[in-house]
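Written below as structure tokens is the structure these notes are about.
By letter and in written order, the chains are A, B, C and D; residue numbering begins at 1 in each of them.
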């Protein structure tokens, strides 16, 4: 499960640190204590920044780094598409072999495919993504407004 | 376990029915619903009568009949000896082979030796004996005065 | 050999149950007719238990090592099997307990500690019936004593059915919970769920169904029942001892407070306060009966492989035959319905004034295992003015020949004490 | 191979545990160091389970047929074995539960519903410690919430021991119950029972000892402990899942009210009221975990055949070796005592800032099973300012070679994330 890509993101995280934002959320994975504080900054529906700070395992750290790399600069609708695809992959219990289309959408995030085989770790990989979804809903409301829990 | 002697006592019980007495007790075996009402009549320390009525299985019925046969007319000290010997036999879990001395004391009651192998039935066999002990304590007090329970 | 329509191929099935080959009392073939007390276990279930311990044993949840993940998958897989078996809308509605008694106590305690609108207190009423197993009486008596609520119940008709004639007086606006048995373990009666549920819904009361004697013997569909809680127990349905189930409606399980506290049921704990995991985990404190859940899952696979409708048909045919044959025995009195309609495969009776203990003992000497006593339903004995009954109860491996053996055995009992 | 004084002949013993031969991740030999979560089961226990189901299975108590009598004798025989194992003054003081968590909840609930002098209410205080397992925290939090009693606790010293310096302020005349762990499952710490019991007795408080991590590993003598209740769990001591024990002093068990209501725990039931059987049955509602009790009895026979003092010596030697070897690993921080004195064989640690999940996962890839997380003792993690720990824990079949494998594995983890 520890793909090179994941280890790289873990050791050299993208965009780590808290910067100015439109909303801030704090999510915790109660089963292992992983935590993230995450801020989003929007320019209209364009994601200007996702900044974060937290503690946790390599999977949750690398996942936040990948999220930053993938989403910053994207339009919300594209970002949602990426988030949903990532969720689908993570919930696949290792049974989904990412195809070219998926690889194109997820880029580095396909490296997490192997993690989906480990139920105890899926929540780690999803922590920052759920936080992003939640923070986005706070800024832009809409269909995402229901409270998401990462528990 | 159903010795001829036991079946005989069951079908032709001795001294069944309630007659005049110095004390009356009512004992119940809650696990199977066997019940006995028993009266004792003393002439000094001589047992003049043990009368009883109740419902229950052949073992509890026959045991009451044997009790009546053995104890009526005896002096209390002899009766106690019989009661204690019977108790010992019933608690032996089938491991006690009655010897001549015991047979002499228990007479027909040795037929219950086989019952002691069946934990569920031991209480049936002891029901009337515990009731007698209790009733006697009420009349004569003394060492027997602690409440006995057949539960 | 007696042939009845609808029977299973018991000759083949019985090979799955090692204990049925046992001989007792120096060479008597075992005739096991005590299935309402507990069922025997097929090889498939014993193998699943051994395999679990020999290959996968670990504590469940939160482990990142292989064994912990495999054990968790097996344990949670058993939950999926139970959910499907009872047609639960969601697997998260299936709570593993240690037995049906714990399941029923869990419901009573949740309601005792609940907030409104569920809370049982001195202004409210609890309804049960006179044919309940002690495990569906005592928890409610305790709850009534401890909260001041009033305990009410439905009585019984002379032929062993619920007397619902006064249903509107028994279940009232004050009723918070109606808890009753689907199939009685002493009378065999199968109760009319719909009428009771309809009235309970009218007054906004919750409904708890004790399905301990139903789940092993007939298709069980919690959605069709329309109850709020359904309890049953593993050991009566080919599963191991030490495992029971409580199914509850999701909204209720979310709203109601926990019962036992400890590991597994928490979300986060500090010395000052704790929050709880979502159901079902909220109600599963401590290391669960892991191997036993796996064993119950294997039992469900086994039952499904035969088919619950086929099992029901088999037992129905046996019950019809048994009632007919038993009524041929002089002095017999069946306590409960005397036809096979709307009844399960447990038949209680008295035999003249021969005490059930004696009946049971003499049958046992012939290798025939029945249960005698009040069958944890003493109010039924009081109701019918008897100290106890003898009960024969059947399961998927029971045969007409065993019923014949019982009837012959009873003849012997009569002669013996005659 | 490393030779340490006091070790058991693990080469022979390991043959009794089929799972220890298992290979994981395509050919990695299993190194099972998660014994504090649950122990593995010897063949002897699995055989006892199978034999029970294949030959004796029946519901216990009140049966007059052979199987029921044999099953009852086996179940009650297991109670005798437990009583002897813990040196209980009477077998009637041994209550079978489903796990240690139920045992602890049972104590909390008995005291909540008790009459004076035991009753816990808003005038009274409950004392626990900061190193308790959630199963010895949450039941008391629930009791405190529901009765208004005040929950207090002993803190911890920096080296992982109980801080008893303020014992007279923590345990006061208002204290009704002091409940604490004998050996911590996260720190490994073995607590000084005597000092706590002495103070509790001074103020007339009851004492409950959570011996879940002691019973499997050292001789346990409830009389020597001088506690009022002792709880432990079968699955950690070579027994099956689904069985726990609560030992309680006879007078208390007589005086205290029942908890779960149902079959088996009653003396006589009518619709209007019920009376209860004497202990232990008063506290065992419903069909008990029969096979699991028999399995626990077999586990006790197995442990006795080795000798609890020998098991303790073995684990002590291993712990001494493990502490020494682990402290050689750079960046390691042991959370808990860093010597083998007054401690059990569970060792928690952190490794630099590598998250325990990652430590556990990379160890698992090498076949090494440890537990990571807060080990159901989150207040300990809060106390030491860490999110989680990695925990290695040993048992009678653990070897120095497995400790070497762990240390090598940790080196690999460091390089991997370095």
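We adopt the following convention: a residue touches a chain if its C-beta (ideal position, glycine included) is under 8 Å from a C-beta of that chain, and two chains touch if they have at least 3 such contacts.
A quick map from chain label to UniProt name: C, D = cysteine desulfurase.
None of the values given here were measured: they were computed from a predicted structure.
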So which chain is farthest from chain C (cysteine desulfurase), going by the mean of the CA atoms in each chain?
-> A
More contacting C-beta pairs: B-D or A-D?
-> A-D
Distance from the mean Cα position of chain D (cysteine desulfurase) to that of chain C (cysteine desulfurase), given in whole angstrom | 31
From the C-alpha centre of chain A to that of chain D (cysteine desulfurase), how far is it in Å?
-> 39
For chain A and chain C (cysteine desulfurase), let me know how many angstrom lie between their CA-based centres, rounded off.
-> 47
Could you check chain C (cysteine desulfurase) for residues that touch two or more other chains and list them?
-> 62-64, 68, 268, 357, 361, 372-373
Interface hub residues of chain A, defined as touching at least two other chains | 31-32, 118, 120-121
For chain D (cysteine desulfurase), which residues count as touching chain A in their complex?
-> 355-358, 361-362, 372-374, 381, 387-388, 416-417
For the complex, which residues does chain C (cysteine desulfurase) have touching chain A?
-> 61-64, 68-69, 72-73, 267-268, 277-278
Partner chain C (cysteine desulfurase), residues of chain D (cysteine desulfurase) touching it in the complex | 18-19, 22, 24-25, 30, 32, 34, 37-38, 40-41, 45-46, 49-50, 53-59, 62-68, 98-102, 104-105, 108, 113, 130, 133-139, 141-142, 146, 151, 153, 233, 235, 240-244, 258, 260-266, 268-271, 273-274, 285-292, 357, 360-361, 363-364, 368-373, 376, 378-379, 382
Going by the contact rule at the top, pick out the chain A residues touching chain D (cysteine desulfurase) in the complex.
-> 1-2, 7, 10-11, 31-35, 55-59, 118, 120-121, 124
Within the complex, which stretch of chain B touches chain D (cysteine desulfurase)?
-> 28, 30-32, 118-121, 151
